[in-house]
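For reference, chains read A, B, C and D in written order, and residue numbers begin at 1 within each chain.
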Amino acid sequence: MPIENKAPGKDVSDADMIDKFPLAAKKHPDHRSRFAVQGVEFGGDLVPIFAGPNMVESEALIVETARSVKASGAHFLRGGAFKPLSFPYRSEKYTETREDGLAWLKIAREAAGIPIITEVMEERFVDAVADVADILQIGARNMQNFPLLTRVAKTGKPVMLKRHFGCSLRDWLGAAEYILIEGNPRVILCERGVATAHTHRSSSRFLLDLQVVPAAHEVTHLPVVTDPSHATFWRPWVKPMALASIAAGADGVMLEVHPDPDNAAVDPLQPIDFDAFGQLMDDMDAVAKAVGRRVK
Amino acid sequence: MPIENKAPGKDVSDADMIDKFPLAAKKHPDHRSRFAVQGVEFGGDLVPIFAGPNMVESEALIVETARSVKASGAHFLRGGAFKPLSFPYRSEKYTETREDGLAWLKIAREAAGIPIITEVMEERFVDAVADVADILQIGARNMQNFPLLTRVAKTGKPVMLKRHFGCSLRDWLGAAEYILIEGNPRVILCERGVATAHTHRSSSRFLLDLQVVPAAHEVTHLPVVTDPSHATFWRPWVKPMALASIAAGADGVMLEVHPDPDNAAVDPLQPIDFDAFGQLMDDMDAVAKAVGRRVK
Amino acid sequence: MPIENKAPGKDVSDADMIDKFPLAAKKHPDHRSRFAVQGVEFGGDLVPIFAGPNMVESEALIVETARSVKASGAHFLRGGAFKPLSFPYRSEKYTETREDGLAWLKIAREAAGIPIITEVMEERFVDAVADVADILQIGARNMQNFPLLTRVAKTGKPVMLKRHFGCSLRDWLGAAEYILIEGNPRVILCERGVATAHTHRSSSRFLLDLQVVPAAHEVTHLPVVTDPSHATFWRPWVKPMALASIAAGADGVMLEVHPDPDNAAVDPLQPIDFDAFGQLMDDMDAVAKAVGRRVK
Amino acid sequence: MPIENKAPGKDVSDADMIDKFPLAAKKHPDHRSRFAVQGVEFGGDLVPIFAGPNMVESEALIVETARSVKASGAHFLRGGAFKPLSFPYRSEKYTETREDGLAWLKIAREAAGIPIITEVMEERFVDAVADVADILQIGARNMQNFPLLTRVAKTGKPVMLKRHFGCSLRDWLGAAEYILIEGNPRVILCERGVATAHTHRSSSRFLLDLQVVPAAHEVTHLPVVTDPSHATFWRPWVKPMALASIAAGADGVMLEVHPDPDNAAVDPLQPIDFDAFGQLMDDMDAVAKAVGRRVK
């Protein structure tokens, strides 16, 4: 039949789940992966929160933020030492701190007693990042960088795999399979917005796809978290989309938190400040409890 | 500048809100319309629930459903007597009941003591539908059928305006303005899914856009409800997306409820049954309370 | 199978073409509708050209344009007397000329000896428009306004059915079927751009979908034309997309032509002037001949 | 202003072109890069054709294909020795031939006297691929794999940069800039389809975006080619979209050609056979000549 037919009841076989995703696929309807990272459990009733700045701008900034988000109950400190940029040019302000940033993350980790998640963009830095990070993050643009996935998987560290903004759930699970096949079972999926015709603001480039949360849970046992900050690119929408993520069943939420959002080195329209984060932790916990889970 | 630039900080003027949406635009940051329909208040702490079958298949079905959803706490009975179909052909099962359906809705309204929302597709039926309905629904395909909007607005009845699956928030507010300009202030916006590259199931044609809830609240005082059933087209996703809608700040939720979903005359993959609806009312109420609102 | 699978070889039945599109579907591989409108043949080797301003601004403008495009070889004069607007407010410049516009189109038709295509937006104006127009145009926003389609079909006049920017080929053929079922076989499909994530300019809202040309030809015998002006919304792209349309097999091209584009009452970024149109007619004819057809 | 506004006339500055794309941006309106690869000139009146199988399945197959497409006038032989797969599992048939494939390409290159384009997916294989290939191809999934871009750029070999199916023109030019900044000016952009709501067949995953051809030409001096085979994923649409590409101004066309398409190791729905390719060369040449260029 020559034309597109997305009608209900279309008989598509289950072969994909067996052939393409033997490791990511659920084995029974209630199958959910449960694993701990530094004592924080994924896939259970806890909904872990990842909080911190877009970039590790300085030692002072990351240590201050680590202490603050830890005090508010965050489970992981996020922050980028390496940062992909669509263009090869950096402004003076927008500078990757790279090895320095990794060192500062390590200091913040110790100072605040909070585990770290940070992005790794290149194979040659995998070991250096793995030395600091408790979870290695694969950015959206690298979702299908298969050699990098393989290399990261081999570290044995947990991996957060962000969904590319143009890729399907099928593509995403295929990428997860590249990690799982290396014998690394601790894969966390992260939805961070998709490219669509309408995102509602000229400053917003993506739409947070919350439908993918139940859709992923239907087929895979892997935990699914969301990143409302990067998806919405707009501070006022972060709270409602974070709460909606938890209500939709997300197994974690990643949030951009900065001591002085308006002066963030990058993307100043999206981070929330410490007070807003503290309040949001309470609000997220309330919603989590309403759906039988907890943030705190 | 010749290429697309959706970067943060782009300086776009507020002129649109003043020139194009003088009636739909918020006049101050906390501006929210509040109005009652048959004693049910919109825009306040209550999150009204609209429940019922896709189609008014028979008198017995609609009366039974009205009584059941009312008993579970629904605020409005939904059901279509007129039903747009992409093709001019109807199967034996999939038949509009039209004037009969309207009469049965009226009977159900009296029998169960629940107000009615139903779709009107043609100007010539506006009076007949308005005679039965407490809220007139404009379907997604008619969102920009401006003569119909004008005619419906003139009835003075509240209007639910569904967002077309290919239209922007800007288009949607423009359509609302066509109703408001007739002196009819009771307009309810309803998000029911957008066409995107990936909807996660071959049986699912749309993606519920929850980001539009805070986006609409940012610019308009009109209440915004969602329709997870039509958006997802898939029963198991209705609950998580209904809960997420409320957490995102939706001012109402529309749900397809059928006594025997597998044998529904149309779209049998999406309705939930009476028991599931009763349970979902409790779950929605819990989430609503977590965000300072209530369903019951 | 629970996740989206758009893989090659998916076995989808041909039932749709028989059940949903019995009139629009091709009956054999070479099946193409051929019909004449005022002596201009559709579906043959000729590629008819529709040219004129977005709006019938004045009698002088439309008569001047009619003579000019006719002299350059255009087959139909296009121009809107009625014009859908996303908002109910009109600037002083952007005013529909309505009945006056229809009268001026009639004058232009006689003065230049060129048949007319113009849009009809409301059932109540169908007769008035049909009195002037040789082809009745259904705008994208009304593609699924089924009562309007039925009413227009009953005039017996040829109908150009524009594709909605959010609708599928399947939806489009379904709408065509509503016209065909009234016994009106002269339906012309018109692609005018789809809403997508990226349109390449902030001033451009749509992407001209040329892939739909062979896709439609594969399943339907109806002629398919394109409208590069509305799709691209950007004058410099009109010529390449018009030429590409013909190379892709389009059975006609609609172009916005204005004596003074920069001062057009609406959408001044998209029309081309008389000289550019004259040159484009030559260029289109050259491409048409390269693919075994002709514009002149 | 809080809502999306893609209206005409929006005043967006040209700063992007100067700041973000100093090397890719046109310096004057007629600026077009011209460079030769093995004597084949890009950016001039010639429209080079890249033809060959999806995968280098065997020595016999690639040598036979090289000779045939060369005889028909193709300028480059395409074929993958390395092939990205969404899943880590390969069927028996669908096996990368890797180093063997590279060796066979080298043999075919000598046997038929035709230069080679082939994809490089990993930094560690860049030298091996560069030893064989006259042009190094970066696949869509690696468009923003910046370390790979840098590494490939440093070889000094011409680079074909495929556009990711979810990325904007802005993203694409940013990626090109990563190559140009290494002092490698021979960058060829290749459009191969975008993810959209509607692609018209359940077997087709992308829509060939021909609007990007004039859009790219408006801002960059780099040549732009298209790949209708991968975009459409459907043999009958390859010819119309190839012809449309040339009419739209494409500076080259990449085509999948296989001696026995139905038995191709991968994606058997998209390649054309030798006879069809020979005929298409004539047809493309005719369209090219109609727009002042040539294929032969």
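Note that a contact is a pair of C-beta atoms (placed from the backbone, for glycine too) under 8 Å apart; a residue touches a chain by one contact, two chains touch by 3 or more.
The structure displayed is predicted, hence computed values, not measured ones.
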Based on CA centres, what chain would you say lies at the far end from subunit C? A
Cα-centroid distance, subunit C relative to subunit D, in whole angstrom: 32
List the centre-to-centre spacing of subunit A and subunit C in whole Å, with centres computed as mean CA coordinates. 45
In subunit B, residues with contacts to at least two other chains: 1-6, 10, 12, 166-170, 194-202, 204, 215, 218
Between the chains shown, work out who touches whom and classify the graph as line, ring, star, complete or other. complete
Touching residues of subunit C toward subunit D in the complex: what are they? 6-10, 12, 166-169, 194-205, 207-215, 218, 231-233, 236-237, 240-241, 243-249, 267-270, 283, 286-287, 289-291
The answer for subunit A against subunit D in the complex is residues 1-6, 19-22, 84-89, 121-124, 141-142, 144-147, 164-168, 170-171, 174-175, 177-178, 181, 194-195, 197-202, 204
In the complex, subunit C touches subunit A at residues 1-5, 10, 12-17, 166, 168-170, 173, 195-198, 202, 215, 218-219
